[in-house]
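One chain, subunit A, appears in both complexes that follow, with subunit B as partner in the first and subunit C in the second.
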Partner chain A sequence: MSSGPANGALLTLSGVEVTINTLSGPVHPLQGVDLEVYPGETVGLVGESGSGKSMTLRSILRLMPPGGAITGGSVKWQDRSVLDLDTDELQAYRGADVAMIYQNPVSALDPLLSVERQIVDAFKANRETSDGVAEEFARDALRDLEFGNPDVILNRYPHQLSGGMAQRVNIALALACGPSLILADEPTTGLDMTTQIRVLDLLEQQVHARNAALLFISHDLRAVSRVARNIGIMYAGQVVEFGPRERILTDPSHPYARALLECMDLRTGERPRSIPGLVPRMTEEYELCAFRDRCPSRMAVCDEERLPVHELGRRGRLLCHLGPDHG
Partner chain B sequence: MTVLSPQRERGRMARVFVGPTVGMTIRRALFFFMLFLAVVAPWLDDFSAWLPFPIYDPLRPDPFNPVSPPTAEHWFGTDTLGLDVFTRVLMATRVDFTLALIGVALGGGLGCLAGAWAAYRRGWVDMVALRIVEVLQSFPVLLLGLAMFAAFGSLEIFGPVDHGMAVLVLSISMVNFPLYLRQVRSVLLPLTEAEFVQAAKCAGLGAWGIVWHHFIPNARGQILALFPLTCAYAIQIIAGLSFIGLGIEPPNPEWGSMIKAGATLIVQGHWWVSVFPGAFIVLSVYSLTGFSARSETLVGPGGTSA
Partner chain C sequence: MVILAVVLLAVVMIGFTITRSTGTPLYASLGVAVSEAIIEQRAEEMGLNEPIVVQFWTYVTHLLQGDLGVSRISRIPVAEDIALKLPATAEMVFFTLAVSFIWAIPLGVRAGLRPDGKLAKLGEGMAQFGVSVPAFWLGLLFIFLLYFLPPRLPEPLGPLPSLFPPPLGRVGSGVTPPEMVTGLYTVDALIAGDFRLAWHTLWHLILPAVTLSLTSGPPLFRVTRSAVSEAVSSPFVEAAYSYGLGRRTVLIRDVLRNASPPVLNLAAMTFGYLIGGGVLVEVVFSWPGIGSYAVWGMDNSDYDVVLGVVLIAAIIYVILYFIVDLIQFAMDPRLRD
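Moving on, here comes the complex of A and B:
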């Protein structure tokens, strides 16, 4: 596991492990996540349900579910350790440094407060300012997010918004905090196809306009590839392959990433394929490769040795015995 | 999809006066009438020329006219000292309503904050809060009042504030604190895991920010539904404590102490000294129930059909 200095990275996760104690025993959703996010860049994480995508975002914000705890590794914001922040520092870090957009746009808004109240609250929570400045920001932000009539929207309540509108309000809410990094937890999953693209484009455009970085997770490789320059593939609580979009989409090295691409390939006109085998159970802690039972390229070494880490250039990493140069 | 308009806002104001049923509207009208009387009671004397009923000094005895039955001069009769029962009942409305309101607002307000805080923090904070609630609620209400008067009886700690009234208000607060704490806490418990609360945390809101901006507003409907009921309850407690001689001391007008003053007269057939203040207790409690149900329709987000 790499744990070097944060060479200019905004955010560095190294070997992050999370354990959740449940009634039926401990669950290990993260089993050593390595990830860096640099200023102003867009990173996407792809993986199936239970691969640890959401938990990765939660561990960045130190928002653990009940019974959950970060049990290993480190989360660094620039050169500060997020895991060592006290309550006040953590509150200042959330929002002002890192903000988050949730998967379900309507339930991420307080049902009893107007849109304006919520944006103003988020704005004022992170700076010393007046209501007037905050309201002005809210109006401008909604206009930037292509609301034709911001004043009407500001007075609405969440149940009066459509999914796409609510998600754009959530984006405004995240932008209101003025963060250097925005985390997006499947922000378009609940939206229909055309709205998805619009919301994605607006998100990307606004994040760039404010020089913020974006960490975007989704199970939808297409959505991720639309937004992210660098893509990580998650499997069983680890980022098994990371690299620039072009390489991940055309020539991935990890067998799971390849299988994922094949599943997505609709050009052949055949029925979409699935990856044979069972998804890994996260009640287990995997010493060896978690994918080897489903892997078409399984070798003897896979059953004997721990996964090696191959660094591929400045922004590339692979966790596989095959190495980067096979096939 | 509707947007809040000025008309809607006016509609909301009207809904304070107009209840969902005819009965509730009547009860509310009765309540506002009593509230009006309570507010203007001290100045009624100045306008006696325009009033349909004669008004007197509630504290000046008339030794020549004791225990007079209801007449045109004394609508509700007079008591053993010749004090006019009608004037005193009106003045007592003021005292009872004010003390009930202050006591419930104080205890209920603190209870709401503590309940929201307990729901937010959970863990040991929640545990301690619930144990305090259980201790307070394990006392019978009148016994709690008695204990308060025993504890504060000789302490001069309230300065210029009337001692009996201050202890009454404290007792009412002690009764209401656990009621509101429990109610608010139970309503807000599921919110801790709500996505919008997580989102607020991510937006950098602190614990008090979340409790104040998100938790309390989400318990608003429950708080407003509880408020009239607890006020009615508080009036009964005030009257009950005064009946056994605690709180408002005679000759100051108060419903409970007036019932007490007339209790021995009833057997002689002089019913009016006790019955009229008793009737006002019943009416005030009854009129407050006109607000009990559906208070949340007053405050729910707009745009619903309600």
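Moving on, here comes the complex of A and C:
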């Protein structure tokens, strides 16, 4: 591994595996995720639903669904192992170091509590302070997030907010924790187009204003490329290719990344195509490449050997037998 | 308040119709060995020969003046009897719910949080037992095991003293009940400053309350479990954890608050149900409550007694639901809009 505290990464995931025991048997949503996030940078993760994007974020916060557990690999925050934190340390790490913005903004808010109470509680959970300071913060944060009348919004309840408003409140909640890394789980998926762009811009602007890093996941490559400097492509519980936005968007190496780009390519004006074959079932643990059944460049070696890891420069990685230099 | 009036009017009308159509109090009050003339005279006295509409009108006008009528057997005003017997039932029901709140709710919360834990299994076991056993039988079993059996155990073990007092009502024989203030003996004894008597009345309450709680608590356990398990898997609970809020804070602030509406509703329903539904347990423990009073009234076709109890139970139901609505209104901003 080229990562770790030596090169100053905030967050380092290596070989993270998650297993969820369900009634119909174990599911393996993460099968060896490698990912680094550096201070102040914006990283995007793209993949189809079920590729493990959300689970990656949850493993960073160690928030597992019922029956779920991190069964392999390591999660490091700077030089500390997140998986070894005890309950109190974990509680201190959540929020203050890493906070999350959720996909469905209204249901991520407690329906019985006012906006003010929720922001104040998140603020106070992460520092020694008074209600007055917390309320002041809440008002300022809402103003920063372009609410015309913060005092009105503070007294509202979640059901009185539109989707876009609720998502901006969620951003305020994450900011209230004062984290160095913000995780955003498809934060704009449920919103209409103009609201999406506005919320994305505000999120980006506020994250940068606070010198925080952002790990942004979406199935929408356009949304990711709008905010992320580095992009990872996820497939079947792995980050199969990672690199700077320019390279991933113009000249990706992994056949899946290419296929994804092709079907999202809007320049051609054609109807978006789908990738032939079926999305892999995560009840299986893949020893070999999980994409090979759908891969147009499948080779004999793909059916025989485990995936090699090609490191491409300082911020690039590829998991494919083809290697980085093929056609 | 309008709903309250409508509900009560409906209860009076239905109750009135049913009681009048199922028998006559004449033979019960006079016996069967009387002549037709005496029966006829008595019917005239009691107003039973009037058209049913007139009888209803008479009943309702009396009711509106707070007059629930007079028992045709004992000649005691129904309101007086109910005032005496309702506190006995209310005390038993309060303690039953208190016992349920001690076991069913905490076990339900725990089972909702950790569905595979030992306590979840214990709760489910108790719930299974409680729903499959009739309350009166369980009461008899308790009496047998805790009162009857210990003094009769053979040599090496016994004889042992009885663990519980004989099932002879609210106080033991020869014990004077406390002076009536609320009608709840434990409370009245405490008001009178008599701690021995308070302890004595509490001791008499435990078995009926435990019996009723075991049989009426299972739904509370199950509803609490499902409400908590639903609340705990809500996105906002995960979000609360992700902001660095502690386990206890999230449990009280988010999980329990959001899980409480169905539990509160069911608690109110259970209370209302037990007011009339604890009759068999009242009988087993010789508890002089309104359940037994109603059954006595039914036996004698004593219209006013039966209707009086039905009406009081309905009023209690309506008031309870009103209180629960107020609490939920205060707790849930969605209901206020």
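One rule holds for everything that comes next: the second predicted complex is superposed on the first by the 321 of 327 C-alpha atoms of A that agree within 3 Å, B and C clash if a C-alpha of one lies under 4 Å from a C-alpha of the other, contacts with A are read in each partner's own complex, and residues count from 1 in each chain.
Note that a residue touches a chain if its C-beta (ideal position, glycine included) is under 8 Å from a C-beta of that chain, and two chains touch if they have at least 3 such contacts.
Predicted model, so just to flag it, every value in this text is computed and none were measured.
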Under the superposition described at the top, does placing subunit B and subunit C together on subunit A give a clash or a fit? clash
Look at A:Leu249 in the shared chain and tell me whether it touches subunit B only, subunit C only, both, or neither; answer first, second, both or neither. neither
Looking at the overlay, does A:Met264 come into contact with subunit B only (first), subunit C only (second), both, or neither? neither
Does subunit B (first) or subunit C (second) touch A:Asn126, or do both, or does neither? both
With the two complexes superposed on chain A, say which partner A:Leu288 touches: subunit B (first), subunit C (second), both, or neither. neither
State whether A:Asn155 touches subunit B only (first), subunit C only (second), both chains, or neither. first
Based on the superposed arrangement, let me know which partner A:Pro111 touches: subunit B (first), subunit C (second), both, or neither? both
Partner chain(s) touched by A:Leu202 [first = subunit B, second = subunit C, both, neither]: neither
What stretch of subunit C clashes with subunit B when the complexes are fitted on chain A: 55-63, 145-153, 289-297 or 325-333? 325-333
Residue overlap on subunit A between the subunit B contact set and the subunit C contact set? 61, 63, 66, 91-96, 99-100, 102, 104, 107-113, 121-122, 125-126, 157, 159-160, 170, 173-174, 176-177
Which residues of subunit A touch subunit B in the complex? 61, 63, 66, 91-96, 98-100, 102, 104, 107-113, 117, 121-122, 125-126, 152, 155-157, 159-160, 170, 173-174, 176-177, 183
Parts of subunit B lying in touch with subunit A, wherever the complex brings them together: 1-4, 193-196, 198-206, 209, 213-214, 217-218, 220, 300-303
Subunit A residues touching subunit C - in the complex, by the definition given at the top: 61, 63, 66, 87, 91-96, 99-100, 102, 104, 107-114, 121-122, 125-126, 157, 159-160, 170, 173-174, 176-177
Per the touch rule above, subunit C residues touching subunit A in the complex are 115, 233-236, 238-247, 249, 253-254, 257-258, 331-334, 337
